[in-house]
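Structures for review follow.
Same chain, two partners: subunit A is paired with subunit B first, then with subunit C.
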Partner chain A sequence: MAHSGISVLFEGTNFMRLLGGLWVTVKIAAVALIFGIILGIILGVLRTFKNRPLRVVLRLYLEFFRVVPTVVLLFLFYYILPRQMNFNLPADQLATLVFVLWVGAEMSDIVRGALISVPRHQIESGKAIGLNRFQLYRYVLIPQSLTLEIPATINLATRVIKTTSILLLISVMDVINIGQQIIEANNHTYPTGVFWVYGLIFLFYFLIDYPLSWWAKRLEKRRLEKANG
Partner chain B sequence: MADKVLEVAHLEKFYGKKHVLHDINFSVDQGEVVTLLGPSGSGKSTLIRCLNGLETYQKGTITFEGQKIVPTEKNWQQLRQKIGMVFQSYDLFPNLTVMDNILLGPTKVQKQDKQAARQEAERLLASVELSDYANAYPRELSGGQAQRVAIVRALALHPDFMLFDEVTASLDPEMVRGVLNIIEGLADQDNMTMIVVTHEMNFAKQIADRVLFLQDGEILEQTSSKQFFSNPQTSRAKEFLDSMDF
Partner chain C sequence: MKKNWVRKLITIVTMAAALVLVLAGCGNSKSSSSNNPSSVSAIKKKGTIRIAVFGDLPPYGWVNKDGKRVGYDVKLAHQVAKDLGVKVKFVQVNANNRVDALNSNKVDLVLANFTVTPQRKQVVSFAKPYMKVSVGVVSPKNKPVTKVSQLQGKNVIVTKGTTAETYFTTDQKKVKLLKFDSKTQQFNALKNGRGVALADDNSYLYAWSKSNPKYTVGIKSIGPKSYIAPAVKKGNKSLLNWTNKEITKLTKKSYFVNDYNTELKPYFGKEVKPSDIVLPTK
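Coming up: the complex of A and B.
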């Protein structure tokens, strides 16, 4: 019997399962981004302080998460931490934790870079009206750094969403893992199903990531136009 | 005798090994206007910035309103509410409206009542003829307007003492007068005590009670304005005045 491959998507609950997987993916990415960005802002601010040991430690943290590939981080936390440190979390929560720490590291660099590019005059005129350090960051430096941070942050978000595709390696039931299961289960009935399943997954990722990266480009272009008059 | 607002004794300042202020001694009386004159690089900015803690100094003492200042960042933070400063660059906060620029100090630092602070800000804005710009952002202002707002922002804290560092130096010529008028008004009507660094010699001559002439980090002359402009004592000061076209 000839089956058109596309029907595999609508066989049984397949489509709903894929959507469910997509939801897991989006949830992990969203939670990782929200908490990672908050963590990154705090760490980024701390990295602008003069305290040397603090800066060295945070710099090492950043370099660690930047140099080690995310897959390796994931395995490290998934296979090694539980054994060595008796630290057990379900795979999806563990993945979220790894992503939060990774986003926090990357974000701290974005925030620090933006903060130190606010002109020195701004700091001095803030001090001159009696602002303390907290107020200086809260009302002057952080608001002014935001326009510099937003495009880079959106780009980071698209990277995070793309990188969720490695979650299947630690058996998180994300959209790719579910897709893989559907392909295997229907291999005989729908030999071309693999194209359709991955085609749909491609479309999911594209629909989420493309608008984000378009938005980041547009904001960056606007900012440069503004900066150059 | 008038009360001394500020007393500086044996102040020394180094940038690394570079000695930029040498044994600075002077005082400023209540209501007095002192202009700080001298060639570029003579240390005027450095000196005036030491007076509100934006620069550290290595030796000497600063006494403000009878209290010897212990130069910690925390103490300076408190003192800066009483010692206002306006800089050469138009340094309004670009992320805040004119009104919010002015209100930041009174409401966040001094925790003044919002409504009262706003009324005061409106009064001050009106006094520099910028009432219409309360809700504008700094980028919508000309340099002269921005500098007038910067002065208002400092005055909103009700300082006892004001420092002005070449506040007209980067303005277009037609904007200069408006800003100088405000400073003159402060001196004449409000009897504000202040130190003014300027290269506008006519303005200095008119506003100053006293002149400090600085060269290579040393105070070479410290005399009444009248004496300085009519009969400078040192050849350096004579050369300086001759070089200024006024």
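Coming up: the complex of A and C.
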């Protein structure tokens, strides 16, 4: 075996294809996070209302998406729903939809938790100066809850990015799927190629996720410093 | 006053949303069946056929270094699309989701090294086969095993869950089996001399012995033959009939021998003939 496995990465268009796969991964995660966070903020605010049926429905929604594993959700939306109700979407759009709903559910809990932990006197002061409910949320609760939400949200973002690796199960051409194609295509010529391909994928995920988690840590630290003087 | 009104509205909206969800859950039986999105006329109208192929199984369906889908099944898929007069759209599948891809209308046709089995026949419809496989036995060239009788009382290496394991445990009880969990392990065991031979799907062994020239597939086929055939969704008669005609036509034209020579021969080595894999021209 004169040739080393690393050359498998640079043969033909392999490297470009891996980057293309990474783009699919990043795109799905980014779109899912943007829309999921918006949805989560709306749902989170609604969950602090004192309306019973509304809270029950939202709670059920949250528990459903939190308890059911993402793999099962993907299979449910990709294979079972189309069979039952003629609901058909291409795999990557469907993956984005499932992730938006999932992020929305997780985010709603983060937002709710942050909103109810804003000190009570802040709300009362707001009421005292005659703010209505919308103004109370707009000027008092939401701005103050943001700093509490950010680290947990970034944490959620890194989880979403990592979870995209299961998308290959519903045939999304993400970076893992392309990696496997390359490994299998070169199994006979480069038996050690598997190490290099997965090594590169590891590096890709690390380069995306590590700055995020570093940023989360820094924000958290800064918040604590601020809070404790 | 105003607050009450808001609360009522929210209650109504949530109730409506819950009702829609429940209704959506119940109202599933009415759809499907009435119009078949995968009939020949529907495919022609759309101008594309969606075909499920493997993306990681050389030499049947895989992606080469230029990012193109190639292989024995892929070539057949292109031919099918050409004869239908439509474009082809590939959907990559793996072994576990071939049936679901058909049943949830993700694809019209599966050409993914799909072996016909009685269990699978209950959930999908198979067309005429275009390939055959059976169990083969590979052994070192200096001590070749060419007859099953040579294996009696000796160790034979297999992977758990393969057709080779089933065949030897039910039909060749005098042969001792050494069972492994993965392909890599079983080939390493053979190289280390832990058994006199190794049994697995013959097409797989051909490819392996090509890159390991010290070994030969001494027994090319034992036990029952399995067939590999295109599959369509159960009840899709229109596409099934068309595919049957297509396979018959291509078999007559020796299309599969040609496909074998371009896609499989480079992987299988000289000792394998097209007739070991391709079905005879009837």
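FYI, the second predicted complex is superposed on the first by the 228 of 229 C-alpha atoms of A that agree within 3 Å, B and C clash if a C-alpha of one lies under 4 Å from a C-alpha of the other, contacts with A are read in each partner's own complex, and residues count from 1 in each chain.
Just so it is clear, a contact is a pair of C-beta atoms (placed from the backbone, for glycine too) under 8 Å apart; a residue touches a chain by one contact, two chains touch by 3 or more.
Here the structure is a predicted model, which is why all the values come from computation and not from measurement.
**Q** Who does A:78 touch here: subunit B (first), subunit C (second), both, or neither?
**A** Touch partner of A:78: subunit C, not subunit B.
**Q** Thinking of the overlay built on chain A, is A:144 touched by subunit B (first), by subunit C (second), by both, or by neither?
**A** Only subunit B; A:144 stays clear of subunit C.
**Q** By the touch definition at the top of the document, which applies to A:54: first (subunit B), second (subunit C), both, or neither?
**A** second
**Q** Examine A:187 and indicate which partner it touches, taking first as subunit B and second as subunit C; both and neither are also allowed.
**A** Once the two structures are laid over each other on A, A:187 reaches subunit C alone.
**Q** Who does A:88 touch here: subunit B (first), subunit C (second), both, or neither?
**A** Only subunit C; A:88 stays clear of subunit B.
**Q** Per the contact definition in the header, classify A:121: touching subunit B only (first), subunit C only (second), both, or neither.
**A** Touch status of A:121: first partner only.
**Q** Mind working out whether A:131 is in touch with subunit B, subunit C, both or neither, as first, second, both or neither?
**A** first
**Q** Does subunit A have more residues touched by subunit B or by subunit C?
**A** C
**Q** Shared contact residues on subunit A for subunit B and subunit C?
**A** none
**Q** Would you tell me which residues of subunit A are touching subunit B in their complex?
**A** Touch residues, subunit A against subunit B: 121-122, 124-132, 135, 139-140, 143-144.
**Q** Which of the residues in subunit B end up touching subunit A in this complex?
**A** 52-54, 76-78, 80-81, 84-85, 87, 89, 91-96, 104-105, 108-110, 150, 153-154, 157
**Q** Can you check the complex and tell me which residues of subunit C touch subunit A?
**A** Its residues touching subunit A are 7, 10-11, 14-15, 17-18, 24, 27-28, 31-32, 55-58, 62-67, 91-93, 97, 100-101, 103-106, 207, 211.
**Q** Quick one: in the complex, what on subunit A touches subunit C?
**A** It comes out as residues 11-14, 16-17, 49, 51, 53-54, 57, 78-80, 82-86, 88, 169-171, 173, 177, 180-188.
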